[in-house]
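Take a look at the following structure, please.
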Amino acid sequence: MKIVVDTTPLSPWEALAEYEREVVAPAHPGRYGAAATFVGTMRDFNEGDAVQGMFLEHYPGMTEKQLGLIADEAFGQWSLLDGLLLHRVGELKPSEPIVVVAVWSAHRKDAFEACRFIMEALKSRAPFWKREELHSGSRWVEKNSEGY
Amino acid sequence: MKIVVDTTPLSPWEALAEYEREVVAPAHPGRYGAAATFVGTMRDFNEGDAVQGMFLEHYPGMTEKQLGLIADEAFGQWSLLDGLLLHRVGELKPSEPIVVVAVWSAHRKDAFEACRFIMEALKSRAPFWKREELHSGSRWVEKNSEGY
Amino acid sequence: MIGWCGSVRKPLIEGNSMTVKVKFFASLKEQMGCDGATVEIGEVATAADIWLQASGGKALPPNVLVAVNMEYTDQNHAVKSGDEVAFFPPVTGG
Amino acid sequence: MIGWCGSVRKPLIEGNSMTVKVKFFASLKEQMGCDGATVEIGEVATAADIWLQASGGKALPPNVLVAVNMEYTDQNHAVKSGDEVAFFPPVTGG
């Protein structure tokens, strides 16, 4: 499973197409029957306020380590063939993708459950922090919305 | 939500990129924070046997009608912005995509749950039938694997 | 290629009749030897009656699904003239 | 830009000491006025002791998360020389 935390803007569908074509398909030809993906995108509103921009801080080293642990847990819990996890950091504008999670497996149950697990674990355990730019100034997002 | 049942080969990631860019983003700029997708791909094995090809039969008219009902149920049950459902029919070869389900929403819970619901409902209610080509001849798939 | 079974007509009791279109799919199409038939039957009939007539008296297999006018129903559903009645095995798409 | 708090040294009781690297993130970095510090402390210390010394005696806010060497732990975790001790608010990525 490939994990990347980077300031470079994300192109989720292009990244998924490329990773499937270059990595998953050659390694597991004819073996994957299911791919479940999630793409998180920056909205222009949050908690009733217009949001003009966002700064995404992380903890270099720990963030990657925690994402690796989450991936290991997913591979231990479900029967998975491969995965891709991309997370943006730094300055973002509305409509820009923040996160991509993808999982490939033989059967759909594993892909669906592992994809959601990785996303929820990332939301609760990976050290990222969002600061939103509003008309009235900036604020740190205090907690994530509920995922279940 | 766009629903297409067709014999044309699918390019899932390209179709998702195009639909998001051409339809979802212009209609809901800055409003979608989540996209959950599922791509089902033909494997080269099933129930222990090598599979060389597949024929996917459907019931023209009823298939589209049932997919429309499933989409309506999803939009009634969750807060969704848009969706895309593509299903291949006719002759397929291993590694070819069979189905694409995608859902866009403001928050991830809706997207995750609706995407899986649509896929499971499709599996149990949409009139499609798979006939597999094996070395020893062909066979109709008798039932789908469990999704939960 | 599996074709149309043609028209299946049942002797009528009182002269009243209705015509329904029957469709078979997948393995059922192969078992029946055709992808459908036009069935003419007495005024009151259920989907099960239609099956009996179209199949030449075979029992309806327990796992066969029944749709009338492209909506799922069961074999006790009363059909009316002009209805499209479909019989097919469990679905396996996706 | 928020910089490094520098070195925070506590008078030692018996001459033994250890040095740990402290990091703050996000809103906590702003509250502390720096993104980290080097803390020199007596031989036995918990993450809470490190916080107290680095913060100049402020109470550890109840929702602050604690990591030692990039793994989650709690404030009672015993740190050793060379450890990296991080304090940060609830995470909000994804």
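Here the chain labels run A, B, C and D in written order, and each chain numbers its own residues starting at 1.
The definition used in the following text is that contacts are C-beta pairs under 8 Å (C-beta built on N, C-alpha and C of every residue); 3 or more make two chains touch, one makes a residue touch a chain.
Quick caveat, the model's predicted, so the values are computed rather than measured.
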Label-sorted list of chains bordering both subunit B and subunit C is none
Between the Cα centroids of subunit A and subunit D the separation in whole angstrom comes to 29
Centroid distance [mean C-alpha coordinates] between subunit D and subunit C, Å: 76
Subunit B and subunit D have mean C-alpha positions lying a whole-number Å distance apart equal to 50
Separation of subunit A from subunit B, taking each centre as the mean of its C-alpha atoms, in whole Å: 22
Counting only residues that touch at least two other chains, what does the list for subunit C look like? 94
Two or more other chains are touched by the subunit A residues 40, 108, 119
Chain pairs that touch, by label, are A-B, A-D, B-C
Which of the residues in subunit A end up touching subunit D in this complex? 40, 56-59, 61-62, 65-66, 87, 98-99, 119, 122-131, 140-144
State the interface residues of subunit B toward subunit A in the complex, per the touch definition above. 12-14, 16-17, 20, 25, 29-45, 94-95, 106-109, 111-112, 115-116, 119, 145-148
Residue positions on subunit D within touch of subunit A in the complex are 23, 25-27, 67, 70-72, 86, 88-94
